[in-house]
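Chain IDs A, B, C and D follow the sequence of writing; residue 1 opens each chain.
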Amino acid sequence: MTWILGNRIKINIFGESHGPAIGGVVEGLASGIKIDMEELEAFLDRRAPGKTKLTSPRKEEDRPVFHSGLLDGYTIGTPIAFTIKNSDHRSSDYSDLAKSPRPSHADLTARLRFGDGVDMRGGGNFSGRLTAPICVIGGILIQLLRYKGISIGAHLYKVGPIIDANYNLLDLSYDDTEKLKNADFPTIDQEVGRRMQDYINEVRSNKDSIGAIIECGVVGLKAGYGNPMFEGIESSISKNLFSIPGVKGIEFGQGFGVADMLGSDHNDGMYYKDDGSIGYYSNNSAGIIGGISTGMPIVFRLAVKPTPSIGIKQKTIDLLTKKNVTIEIKGRHDPCIGIRMVPVVEAMTAISLADFVL
Amino acid sequence: MTWILGNRIKINIFGESHGPAIGGVVEGLASGIKIDMEELEAFLDRRAPGKTKLTSPRKEEDRPVFHSGLLDGYTIGTPIAFTIKNSDHRSSDYSDLAKSPRPSHADLTARLRFGDGVDMRGGGNFSGRLTAPICVIGGILIQLLRYKGISIGAHLYKVGPIIDANYNLLDLSYDDTEKLKNADFPTIDQEVGRRMQDYINEVRSNKDSIGAIIECGVVGLKAGYGNPMFEGIESSISKNLFSIPGVKGIEFGQGFGVADMLGSDHNDGMYYKDDGSIGYYSNNSAGIIGGISTGMPIVFRLAVKPTPSIGIKQKTIDLLTKKNVTIEIKGRHDPCIGIRMVPVVEAMTAISLADFVL
Amino acid sequence: MTWILGNRIKINIFGESHGPAIGGVVEGLASGIKIDMEELEAFLDRRAPGKTKLTSPRKEEDRPVFHSGLLDGYTIGTPIAFTIKNSDHRSSDYSDLAKSPRPSHADLTARLRFGDGVDMRGGGNFSGRLTAPICVIGGILIQLLRYKGISIGAHLYKVGPIIDANYNLLDLSYDDTEKLKNADFPTIDQEVGRRMQDYINEVRSNKDSIGAIIECGVVGLKAGYGNPMFEGIESSISKNLFSIPGVKGIEFGQGFGVADMLGSDHNDGMYYKDDGSIGYYSNNSAGIIGGISTGMPIVFRLAVKPTPSIGIKQKTIDLLTKKNVTIEIKGRHDPCIGIRMVPVVEAMTAISLADFVL
Amino acid sequence: MTWILGNRIKINIFGESHGPAIGGVVEGLASGIKIDMEELEAFLDRRAPGKTKLTSPRKEEDRPVFHSGLLDGYTIGTPIAFTIKNSDHRSSDYSDLAKSPRPSHADLTARLRFGDGVDMRGGGNFSGRLTAPICVIGGILIQLLRYKGISIGAHLYKVGPIIDANYNLLDLSYDDTEKLKNADFPTIDQEVGRRMQDYINEVRSNKDSIGAIIECGVVGLKAGYGNPMFEGIESSISKNLFSIPGVKGIEFGQGFGVADMLGSDHNDGMYYKDDGSIGYYSNNSAGIIGGISTGMPIVFRLAVKPTPSIGIKQKTIDLLTKKNVTIEIKGRHDPCIGIRMVPVVEAMTAISLADFVL
């Protein structure tokens, strides 16, 4: 369902795309911690639609209203609950979705799971809009993790044939991840970012969409967090990231490249540094061994499918007439959901790590 | 930790590699279900070491002793608990591990997490040996899922440069997955399997190890199982599979290939079949949309790192002398843990699906 | 914390007494179920303050605003989230609570648990006001349980020396519990109710408060619900009812009277009725044996402490000056919290049973 | 079910009375803690049958065999799993239970819950024998809590008309609770204990049984542990104690007496002691306010029903012939289960507190 139940931190996300509001609750934070609301809003703006021509131009008033758990900008130790009003529904855009499920949207599976009563207008509870409350909670946790010296930064690693710079497994630094927060477009190399935008523009002009790979790095997580087996760091991150609509794959470190690697290449040898701390000669494990952090940077990549909403005519069924029909999805949609998903990935990573660290 | 807490099915795995026993508990199964113990043992044999020259030849008496939850071979609705005795420890093989952590093993991270008191002989609670109780529980659940018409079959898709046949996303059949159960070597194409064995033999003769990609298919899962967000099918499968020591990546359907796909290529159009049921023109979603099953086959691939235990000299540290040293790991180890991991992947997949289906 | 995590139904309650709003989330309800909003508001009115002279006259606008999970008055299968705005704070009434914790309130323990940052104005997250969202969720679940033929009814069994009629363990009927919903005062015998009110009025005129015993009956729960050990029905009901501020005891059936009973008196013999169904000669088990329902009425009683807020001068400490001081609590408070707690007990009982039944 | 899932400590209990073994698993303990096995066995002996003439003389080899989580008598941070073999079944004693459920045993409700396949020989998973693994886990946790200065001691407060001394709410000391561990009979006043035994002997000679009230005290729990609402200390203790077969009521502090108390009597005023620490003038709250510990002793009482197994002829049904019949339960049974339940109450209390404290 829509709950994460950690041992310390518990989270719930609720709402439908075209219902009165969406929102969330997070519990388990210590009291007396300052939350920087301006920073939080800047973070939410990174996910908000309409920022560039490449993201859906619907005007959403994505400002959370906080109901509890905060006093004068400080946590008080009780559940933080908030809602974000829904508005600007062009419901007519979605009017015939009820009878004709959109290919590769959850329209049909949701109906099979929850019955005909399900509210799938705008994607309902499955909408990418539900990533807004995730960013509210994740944005708060990112601030709390930074107090512990932890920085999380994601970027668009690949869109179609265009590839951004790779995160360096061994030497990824706090500055590398932090500076992405102010980038106009979420690539390490801004020139590559411009080429990605050109490419996506072309896709959009064809009424089509394109998939992407997002890469995320975590710097500053000390060694010794995590658990063996079902509560390892990789298990936690992957579980939460697959909750983001459209994610179809995740790989840590060398990822699928390990099938071509010998143990003698992949193993990360250790040494004592001059100051007595432990260093690694390589970081193919990407900061996690046995589900537990090594102290080295965590790096993983996500496969994000092309936006299923496209303007091209598609084959589907009519649930009322029981006929095979075609559908042309109107309305305006992101040609590459990967762009707006970048801060969502950072938020979810923060959520995943918070239960171990806070 | 070592618990899976589904809404219906709860699982615990316990034990250390060189402690008295390993074992597990599973609760939430209905009563009155026949468990075929011979089939279960045949399944466990697929994971057992010593089967081929390519798997570690230690003789383990991997027979589970059941303590509760079963009567005359039938479930009775209460927790099924079992243990598997540990034996055949060549503790001398591991004698110096305490002071010199093995590269890319959990020796060091476990110590940082649990303190010096941790028992890491043979990998302790992090050992691949803990996949034996997973196979006991998964082997039981595979039988229960088959009563629902569901078949799960995994194979070695890639080892070094050798690639087995791919599972067909659209037309994967019950027979395709079932027939792997009797294969000598876990490939679809037995000729490819022989080449893989030759390749692995060569790696072994160099005292090295090699990574792998395992592909797993699920056939017969009806549409409508799963949940949005944090309890989607992909979230559940990925969380559990990353608990298997050595897994570094997972991708569903087209996986990381989606970054090169247009929405018009990736979307799975629908149609009514002559019998009124719903069909899909393609299955790039690999049987899951919005976290919920579509009724089409589920196909995913796992990246498995090379066995970290290799006979080649490696750089590490000596925790007692605080010096940089080298280590040569003695004992006999699988040159490709991917081989024995194939039934473990099937078991974990069954565990992941059982909470939705049973 | 403030979450109930059943196997099917998950609940969260949030908010502080003087924060912006309180509210809750409930997940796990089927879709397509009609919720009668008028009935729900009538139920909430039973808890609302200011109804009689004996309950606190603060005007609270205790109407929940629903944000999600409902469409046109029907459930849609997703989390139902709602908030209730806080208002009418006479904060000056509470102005010196911060430095002088009120005896037998959570003022001091909350501070020790959550630190000085905790917001204890009006009782904060510990306030009896948090029972309003419990009544919203419980009021919804009461409607859902009634579809299954289950009725829950509580009454004031004892206040000081005044005792209402006892629920009959063996013959409690659906009508017995349902008719309490329309009673002016929550007693079975309305004449007893008037005497209770006179007694409470007298206590109030002395600026004092009085404890109470509430009795609750459940009729129509079929046999076979519940679980052995930690998820038995008594475990679930007691855990949830002790969450209501002020509850200090619970007893089922003969309760503490069992210490004087012989097994031959207490055991509930069985017989076949003419229609082949199973009857019991007595119901000392109060509808639950081994944690599982027998099909007979469930009856339990709760001990509710006197309202800790009284107008009489009391001894306490001043946390700023570190001196022993006295406190006179101003503001208007219920002289017997037991009265308004009656529907809260029904709501919590519905919450406790819903996870087993729905 | 049979799992306790705290935020830190997770517990599972498994087994049937006449299955191969019973046992349990506990996870979440720190590593490097010495467990005194002799003390643990002495604790288990207090629950073991056959110690006095008044407890069932079946010889059970109630020694746990530990499989994991311990090394050389120290915890290692991983799950501690153990089993206790079942033996000495006089199955003939129970031979006709399958068809004639015993009044006020779970025989019938278990069958309705789990189906005819359930194994109810000797009470199955519902048997009082399952309190043995609870005592193993609780006995370990009692040792861990003592390292924190916490002592837990229970005694038989009332059996029929015989009443033992009451625990003093205000001045209960560490020695008061500890010295019960060496008592021959679990009363504070040994002379009262002798009279209780005489009374129980008389009940037994009549082939009957008698209920009891057990009182339990906790000394040394510092202020500030616990949570508001659903995870308060009272919620946790009550939930777990109602899991013990036969418990029908629990009350903290003044318990049901609060209905006769004025707020001015019940409220616990505070003062600064000379050393600057906070004292209470009274302890009617019994150490818990708002679900959180005050630092004062916790005292609660449990109502325990008479043993349902009695030698007197009782009315029941025959599930095979569908006739009303009588049953005479043979075999030897405790005439007062309250006696052996005393250490079980201590164990469960330790389990309840451990998740907050450890």
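Here, a residue touches a chain if its C-beta (ideal position, glycine included) is under 8 Å from a C-beta of that chain, and two chains touch if they have at least 3 such contacts.
Since this is a predicted model, take the numbers as computed values, not measurements.
Student: Which chain's mean C-alpha position is the greatest distance from chain A's?
Tutor: The chain farthest from chain A, judged by C-alpha centres, is D.
Student: Across the interfaces B-C and A-C, which one involves more C-beta pairs in contact?
Tutor: Per the contact counts, A-C leads.
Student: If you average the Cα atoms of chain B and of chain C to get two centres, how far apart are those centres in Å?
Tutor: Chain centres of chain B and chain C, defined by C-alpha means, are spaced 47 Å apart.
Student: I'd like to verify one number: the distance from the centre of chain A to the centre of chain B, where each centre is the average of its C-alpha atoms, in whole angstrom.
Tutor: Measuring from centre to centre gives 27 Å for this pair.
Student: With chain centres defined as C-alpha means, what is the inter-centre distance between chain A and chain C in Å?
Tutor: 40
Student: Which residues does chain C have that touch at least 2 chains other than itself?
Tutor: 1-3, 13, 78, 113, 125, 228 - these are the residues of chain C that touch more than one other chain.
Student: Show which residues of chain C lie in contact with chain B when the two form their complex.
Tutor: Interface residues on the chain C side: 7-8, 78, 228.
Student: In their shared complex, at which residues does chain B touch chain D?
Tutor: Contact set of chain B toward chain D: 1-3, 5, 10, 12-16, 19-23, 25, 27-28, 30-32, 65-71, 74-81, 83, 113-119, 124-125.
Student: Which residues, counting only chain B, touch chain A once they are in their complex?
Tutor: So the residues of chain B touching chain A come out as 1-4, 13, 101, 103-106, 108-110, 112-113, 125-126, 130, 158-161, 203, 208-213, 223-232, 234-236, 238-240, 242-243, 245, 247-272, 276, 278, 281, 284-286, 289-294, 301, 303-310, 312, 314-317, 322-324.
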